[in-house]
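Given below, in the form of structure tokens, are the structures.
What follows is subunit A paired twice: with subunit B in the first complex and subunit C in the second.
On to the complex of A and B.
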């Protein structure tokens, strides 16, 4: 079936422009913070941003920046520069690219604004600890570490006590950095808005339950930026509300994300930022829609622990039990839930050399999915923003073989 | 040296040593990291055994861990899956790095030993809340051992364990200092065998043997300093006795190290005052740190410079295991600290096998000529 220009046009998402506008405004605010007297905090993607928003501090995300670097295909050059500085090419490509871009003020938007403080939450990996130490030395900026003990099988009472004490230490750190008292009333409001944003994001992702799906995980990777960077702000809530309306309208109008959705797939791990278009076209050519992914879901997965009437306390648990801070068996349960919820025919695993907590254990997850649900899977290996690590021909062969298997199985 | 024969035997044929111990009724608990609260395992009447991982082919572990996983994690998993660790009664996984964290899950889901515990230690060590949490976690571990293995760990037993470990650590420190003062008094692979043996052999025996060894060395006429270049080894683990020998052949001598199978293992002693669990926790906050933990942004650089000064080192060799993220992240800054002080360094990245002897010798010789 060939696609007409009108089809293509109707498939194009209206919200994309608005998202670009918001992100541009956000980065202008962040880059001009020095002139407007606002403080800038660098924070990890899984870190609790809400107290920063409540303190009117601008949060900046080196990981979001890493994604921008990858998408603009500047990753290989920056990673190579980091290697020249002595960083091993086996290290996380976000970290390598970010560290190099600091040194040369290079990369998209001419580098990130200088941090007044650094907030590192290790609920996503141990890499961020080392990465933020590097940046704390480079910028000579104070570093706060929110240490969220790994929940292999449980969130223990002692971990709970430890994290809750640290939330208070975090607030004291912010008070010291801004010389301002923390506003607990404002915090409640920001907490409420954060939870509302997360609910809306989940609702957006849930529209992919529909057949055909109005969106793919590649769309989710793009629209994710706000729930990561501006969680807890009204603009995020407004944006996802209108995105949700757009998705619901697409469902009502029968507009599908790909021209001919025959197969539905689940993606695991971070995106391969520099091959998004290629991958999405490759799968679409097989009539396969990647309807969901474990990655973008991570920003609403903690909703089950969050209580808007007791945000600070519930946030301690929500942030500690993030998707990358739980045992492989817990991850298996979540993947199986997603396989059922989105009714997928196959599982695509990005074995990401840049992210060990996400990737080690994937083979066990893969076997569990095959055993429990009998669906095929495929592994694609790369470093998420270092395109030198990606073999297009090998990936293509694997995807073709995988889709052939699904085709035979499903007919 | 004859006195070291049992250390060598245990270090080189661990399986045989442990089988004998097991035959005498000891229950064996494997562990992977120098932050393992061995004292508590010992106080429970169990035998703590540091696992090093096979240097042979990895095939079974390939089904669980990607090729970009360090050889230590892959090697240990391989041993477990191949049945080479069947003598274990259990294993303990302290929170270390992202890789060991996932190895713990994979181990728990794919092996069947009677006992298993995660000890999810704090990652930062510079706050009172982290100290309290460290203590709480160690108490949980004690309860896990008691509950799961149906035993009781008394305070008296803990105090004895603390004494034993203090003696072992203190003796290892003295041996290192002796060697720093008289590098020819023991060969590099002797030191390797002593430290590794101390993580394998019956600890009461080790605690008796080490003082005797020190006494003998004190009585030995110090060998004249041959003027070899004095080098510090910095990295994670070193399970390569040949490395020391080749290094000495190249005209250098390792006078100290910053390794978790070295000085990080014995650094710091446990207070014998007050509650023993709190005292064990406190040592972890004070001893020299692994890069997977946080004490300050520059502590490892400062300590490395101190080591260079204290031991009048001519240079530093970074021995980094491939795919070891925490060490890889610290390398550029540690090197820049050394560069600022004019201390030469070289980087040697290894997997499970060392490069060929000839190649290694040339690299070491080149470095030693430079310093």
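On to the complex of A and C.
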């Protein structure tokens, strides 16, 4: 089926422009914080950002920046620079790209603003510890480390006490860094807004339950930026509310994300930022819509633990039980739930050499999905930012064969 | 119905022609620099050999890494599906296919109806492929065709631990320098290939009967090493190298 220009136009999402505006405004605020007297904190993507928002500190995410570097295809160059500084090519490419861009004070948007403090939560990986230590030394800024014990199966009482105590230390750290008292009422409000934002984000993702789906995971990768960076702010809530309305309208109007949705797929792991377009066109050419992914879902997965009437306690639990901080058996449960919820025909796993905690266990998950649901899967080996490790013809053969396999099965 | 399959691999291009499920002929040639040209020339050479004209061929399917460069094919299908179809054609009971070609190796689990249930491929690395063996043959200053029979004479295969082709090559060179027995080194090379492929095969799950296809299947040393590593017997058809092209021709009859 060939697509007319009008078809393409109607498929285009209106909210994209608004998102770009918000993100531009956000980065301008962050980059001019020095002049406006606001403080900037660098924080890991899975870190509890809400206390920062409550203290009016601007959160900045080197990982979001890493995604920007990847999408603007600057990853290979920056990674190579980091390697020349002595960092191993096995190190996460977000870390390599971020460290190199600090050194040259360059990259997209001319580099990130200097941090006044850094907040590192190891609920996503151990890499961030060393990465943030390096940056804290480089910028000579204080670093707070929130240590979240790994939850193989449960969040024990000991873990609960341990993390909860650190949340109080985190608050004390922020008071010290800003020389301001922490406002618990404000915190409550920010917590409420954060939960609302996450609920809306989940609702947006859930519109993909519809057949045909109004969005793909490639859209989700784009629209994710706000729930990562500005969780807990009203602008996020407004944005996702209007995005949700747009998605619901598309469903009502029968506008699908891809021209001819025949197969529905689930994506696992981070995006391959520099190949988003190629991948989305490749799958669309096979009439396959990647309707959901484990990655963008991670920013609303903790909703089940969140309680706005007891935000700080529930936040401690929610952040500790993040997707990358639980055992593989728990991950399998989540993946199977998603397979059922979005009713997918296949499972696409990005085996990401950058992100070990995400990629470890994928074969077990794959086996479980195959055993429990009998759907085919495929592995794509790559790096999320470092395009030197992407092989187009290898990836193409895998995807083509995978789609042929699904075609043989489903007809 | 008369159909053709053309398989453009990284090292060789293969063509096969089938008539109502009977193999009329097949041919192998080097791919060389120009994949597009290779497809046409191996196909035309086969037609000449069979004294057939192009118009008698009703349908053509191309496969292999150069599948999209065969512009005169009716359809391009990946080598994974074609190897499944080819192996099923040669033996309808087959459940596992191990295909080792020039630049990649793959293991397929085949459904009882010949469709592919699951597959695994080597990651972007030459370990466990024909290219790996070529590099080793160069290091050993041997002809690759002698590798199989020579390795069968070994009683004590050398240990080659590196997966990386470049490192493994220097390991081999140092084994030569140490004066290790030639047969043992070659047997060690085969074991290294077999161990790489067998872990991939286990991931997919090995069910008998197992068939090996692709150019490397002609190397009896690799086949025996794989049999030992997996604890199964492996059948190799005389059409192993052209199995992908045969599968493509089989599929061509169905589209």
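Details
The rule is short, and it goes like this: the second predicted complex is superposed on the first by the 411 of 411 C-alpha atoms of A that agree within 3 Å, B and C clash if a C-alpha of one lies under 4 Å from a C-alpha of the other, contacts with A are read in each partner's own complex, and residues count from 1 in each chain.
To be clear about the criterion, contacts are C-beta pairs under 8 Å (C-beta built on N, C-alpha and C of every residue); 3 or more make two chains touch, one makes a residue touch a chain.
Just so you know, these numbers come straight off a predicted model, no measurement behind them.
When the shared chain is aligned, subunit B comes close enough to touch A:133, but subunit C does not. Note on subunit A: of its two partners subunit C and subunit B, the one contacting more of its residues is B.
By the touch criterion defined above, A:309 reaches neither subunit B nor subunit C.
Using the contact criterion defined above for the overlaid structures, shared-chain residue A:391 touches subunit C, although it does not reach subunit B. Within the superposed three-chain model, A:363 lies in touch with subunit B and with subunit C [touch as defined at top].
Using the contact criterion defined above for the overlaid structures, shared-chain residue A:401 touches subunit C, although it does not reach subunit B. When the shared chain is aligned, no partner comes close enough to touch A:36: not subunit B, not subunit C. In the superposition on chain A, contact of A:91 is made with subunit B only, not with subunit C. Legend: residue contacts after superposition of the two complexes on their common chain; A:169 is shown touching subunit B, with no touch to subunit C. Comparing the two complexes, residues 351, 363, 381 of subunit A contact subunit B in one case and subunit C in the other.
Subunit C makes touch with subunit A in their complex at residues 65, 77-81, 104, 115-121, 123-124, 203.
Every residue of subunit B that touches subunit A in the complex is listed here, in rising order: 63-66, 68-69, 95, 97-99, 101-106, 108-110, 118, 120, 122-124, 127, 129-130, 132-133, 136-137, 140, 291-292, 294, 297-298, 320, 322-323, 325-326, 328-333, 335, 349.
Only residues 85-88, 90-92, 95, 122, 125-127, 129-131, 133-134, 136-137, 143, 145, 147, 149-150, 152-153, 156, 158-159, 161-162, 165-166, 169, 327-329, 351, 353, 356-357, 359-364, 381 of subunit A touch subunit B when the two sit together in their complex. Residues 351, 363, 370, 376-377, 379, 381, 389, 391, 393-394, 397-398, 400-401, 404-405, 408-409 of subunit A are the ones touching subunit C in the complex.
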